[in-house]
Amino acid sequence: MTSRDRCDDEPEKGKGKKNVTDDASVSWRKRKKHFFVLSHSGKPIYSRYGAEHKLAGFTATLQAIISYVENGGDNIRFVRAGKHQVVFLVKGPIYLVCISCTEEPDDALRGQLELLHGQMLVILTKSIDRCFEKNKKFDMTPLLGGTEAVFSSLIHSFSWNPATFLHAYTCLPLAFSTRQAAGAILQDVVDSGVLFAMLMCKHKVVSLVGAQKASLHPDDMLLLSNFILSTKSFRTSESFSPICLPRYNPMAFLHAYVHYLEVDSYLVLLSINSDDFYHLKDCRIQIESVLVNSNVLGEVQKSVQDGGLHVEDVPVDSSLRSDSPSPHPGQGRAALASRIGGPAGLWHFIYRSINLDQYVSSELSSPLNSSRLQKELYRAYQKLYVSMHDRQIGPHKTQFRRDESYVLLCWITPDFELYAAFDPLADKALAIKICNRVCQWVRDLENEIFLFGGSPFSW
Amino acid sequence: MATSGNNSINAKLVLLGDMGAGKSSLVFRFVKGQFLEFQESTIGAAFFSQTLALNDATVKFEIWDTAGQERYHSLAPMYYRGAAAAIIVYDITSTESFERAKKWVQELQKQGNPNMVTALAGNKADLEDKRKVALEAKNCGAPVQEAHTYAEENGLFFKETSAKTATNVNEIFHEIAKRLPRAQPAQHPAGVVLTDRAAEHSRTSACCT
Amino acid sequence: MASRRRMLLKVIILGDSGVGKTSLMNQYVNKKFSNQYKATIGADFLTKEIQFEDRLFTLQIWDTAGQERFQSLGVAFYRGADCCVLVYDVNVMKSFENLNNWREEFLIQASPSDPENFPFVVLGNKIDIDNGNSRVVSEKKARAWCASKGNIPYFETSAKEGFNVEAAFQCIAKIALKNEPEDEIYLPDTIDVAGNRQHRSSSGCGC
């Protein structure tokens, strides 16, 4: 999904909003989804809304609640209070809390808190915990200076980016040979002593190569690309910044060379050496030259313009076309209802390859063309995901669900997962057939939509 | 280090200073001739090249615009190691940024290249009405910051600059260029130790910005 | 306008129930509505911003319940405290005698790195009751105890003369400024270039 339009939890611009709000403010209390980070002493570290220091009393309350339960030999996980859910996550001396009335599953919210913590580690590393051990009064907030945009962008992505709950990454569709060309030069660079080399277009991967035995977890990729995309200073020239990949090594900094090649296409080269800048700069020059000569950048632009997969293009035989006379009674209405979207009223799908840790998601189009509808669908997928992976009663294999908004189908096998949304009047049998077609279609196109031959991701 | 061949000098220059002092704005003004009212915080460090022609030489600056945030302080030596020049930037409307600048001066004196050409830039000179850091000591009871005096005492040359109005921006880089030692033996820029890449490096550094 | 970074101070208010901690704090902080957590989790929480010299301070005030059933929460509640305010009622001798227990219990549970020098402040409350005729703890006696415990600053106050509460917190800010640690540099681990082994920073990290 690529919804970036103005919506309920769109990040507010600038710090001006933070000047006046505290927990007595009605507008603050009315926000649908809050995130708080505080220290084990109750001192505020980060708040999505409001000025942190003005919320000191509020974060003290949160710490007291956590402590009160801990004191009783238990650990608080979540609280339901009317329409609100309060989810708690304790990570050593750092406490994270989400207060939401979005009706997202608690597990989903907890996963978001994990990512929020991970984002902090990207910026500071887990060595920060030692500071709290040494000094319980430690005030971490100043160390996060200048990163407001990184956190608000991450939180915003919880409402549109499937990677945040699928824990997989997605590629920009490209001809196999084009991606190979990019991969080859990145491989050369990695062979010269670079840990990871990534060529990205927004949050989609063009190519990615890692050194032998080095694997990159999709969560680290998500946090890294969020960090880079939300940091405007990276766009001005070449940048060299320490970053941490929490799943690779949470305690230490790696050093990232970042350079934008086009408006939204950027190169990231990660090194373990803090003095590797000139080497990485040279690598970039080589890479850029190859990409230009083999027209990779041109192909990337074209792919961005074409958009990705469209549900209207799902190949079907004529009996399933909505505009052909349908042989079965009762399908007439479904056929009529699905004049927009794909066959049998298919509106959208997400296909996730389990072996590759990658997913592909179709473009959002009519009738899902408002940000509100897109966000609702995204939330529905998230609920579907959680219900299918429920550790207590799952895992499940298939789910079919119909309500006034959609028909949702979910199918999980050892090799892949498919999530699909149809018109609410869609015929069940037809929808299942179309899902099969989608899976076949994705397999037919796999050389263009997935990255093959990357380092095996093992963690 | 400054390296030279013929009349051309390569000089690594680092900007240090408190966050919000205006380092990026100064660089932006010097390199691109522009000013943005709302400059975003620098993360890590941004690298720029800019060439400046003098009467007797051409100076190619390799500029490191470092982030002012505390979390990067331990990495600062990587940026100022082997630098031929440094500009320490403070904001004339903030005494804290001036205090921070003084700490940078001390650090460079202790750990930096002893031959470094160091400049102190009092930025945001256009905000005269909000000034907190004075140029000269005044004879009033309250403690007053004395930037010019401090610079003199510490062997820095000093300019009040405004990235916004472009006041003294080119001048400060110009003055640094003039003070750079000439005819140094060519050396590898800091950080490149791979001998087999040395030849490649000098080739590429001639044709890219 | 203060130019330097704002400091956040965690302040614990201790004392027997009934000495007037909550009224004092509510009056000082001027909250429009009062929180009612004390009975359930053992403390109420208030935020107050003050300025001292050219610095801004945010006070995170933990107005704790006096009851024993919340005693075991001390370790968590007192963690990271910057200062502790001991309150007693000048008309109730027991509340003054208990100051010693409160102080000791606090030092045990908070275990600050430098207990000898941990900042305390004592407030003698309700000096105006009955025009001072019910008073049983003299100012002299109170000051003597404070002096014996490392020269703890002492203030007297009442519901009407709330200004001394202000003075007490200004004093807290002053002590905090004096004790403000030098900015230490944050030093995360680095990865060893040669063998991909990790070096742990031997010098302190920024805390």
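Letters A, B and C mark the chains in the order given here, with residues in each chain numbered from 1 onward.
Simple rule for what comes next: contacts are C-beta pairs under 8 Å (C-beta built on N, C-alpha and C of every residue); 3 or more make two chains touch, one makes a residue touch a chain.
Since the structure is predicted, the reported quantities are computational estimates derived from the model, not experimental observations.
**Student:** Measuring from CA centroids, which chain ends up nearest the centre of the complete protein set?
**Tutor:** Of the chains present, the most centrally placed is A.
**Student:** Based on C-beta pairs in contact, work out which chain pair has the most and send it over.
**Tutor:** The chain pair sharing the largest number of C-beta contacts is A-C.
**Student:** Report the chain whose mean Cα position is at the greatest distance from that of chain A.
**Tutor:** So the chain farthest away from chain A turns out to be C.
**Student:** Averaging over Cα atoms per chain, report the distance between chain A and chain C in Å.
**Tutor:** 43
**Student:** Go ahead and note the Å separation of the Cα centroids belonging to chain A and chain B.
**Tutor:** Their C-alpha centroids are separated by 39 Å.
**Student:** Where in chain A do residues touch two or more other chains at once?
**Tutor:** Expected reply: 124, 142-143, 274.
**Student:** Can you pull out the residues of chain B that are in contact with at least two other chains?
**Tutor:** In chain B, 70-71 touch at least two other chains.
**Student:** Specify, in ascending order, the residues of chain C that touch 2 or more different other chains.
**Tutor:** Those would be 5, 186-188, 206.
**Student:** So in the complex, which bits of chain B are touching chain C?
**Tutor:** Those in contact with chain C are residues 70-71, 73-74, 94-96, 132.
**Student:** So in the complex, the part of chain A that touches chain B is made up of which residues?
**Tutor:** Within the complex, chain A touches chain B at residues 14, 123-124, 142-147, 149, 231-234, 236-242, 256, 274-279, 281-282, 285.
**Student:** Chain A touches which residues of chain B in the complex?
**Tutor:** Contacts found on chain B: 19, 24, 28, 38, 40-48, 67, 69-72, 75, 78, 189-192, 194, 197, 200-201, 204, 208.
**Student:** Which of the residues in chain C end up touching chain B in this complex?
**Tutor:** Contact set of chain C toward chain B: 3-5, 183, 185-188, 206.
**Student:** Flag every residue of chain A that touches chain C in the complex, lowest number first.
**Tutor:** Interface residues on the chain A side: 22, 24, 39-44, 53-61, 63-65, 67-68, 70-71, 124-125, 127-128, 130-132, 134-139, 142-143, 244, 249, 251-254, 272-274.
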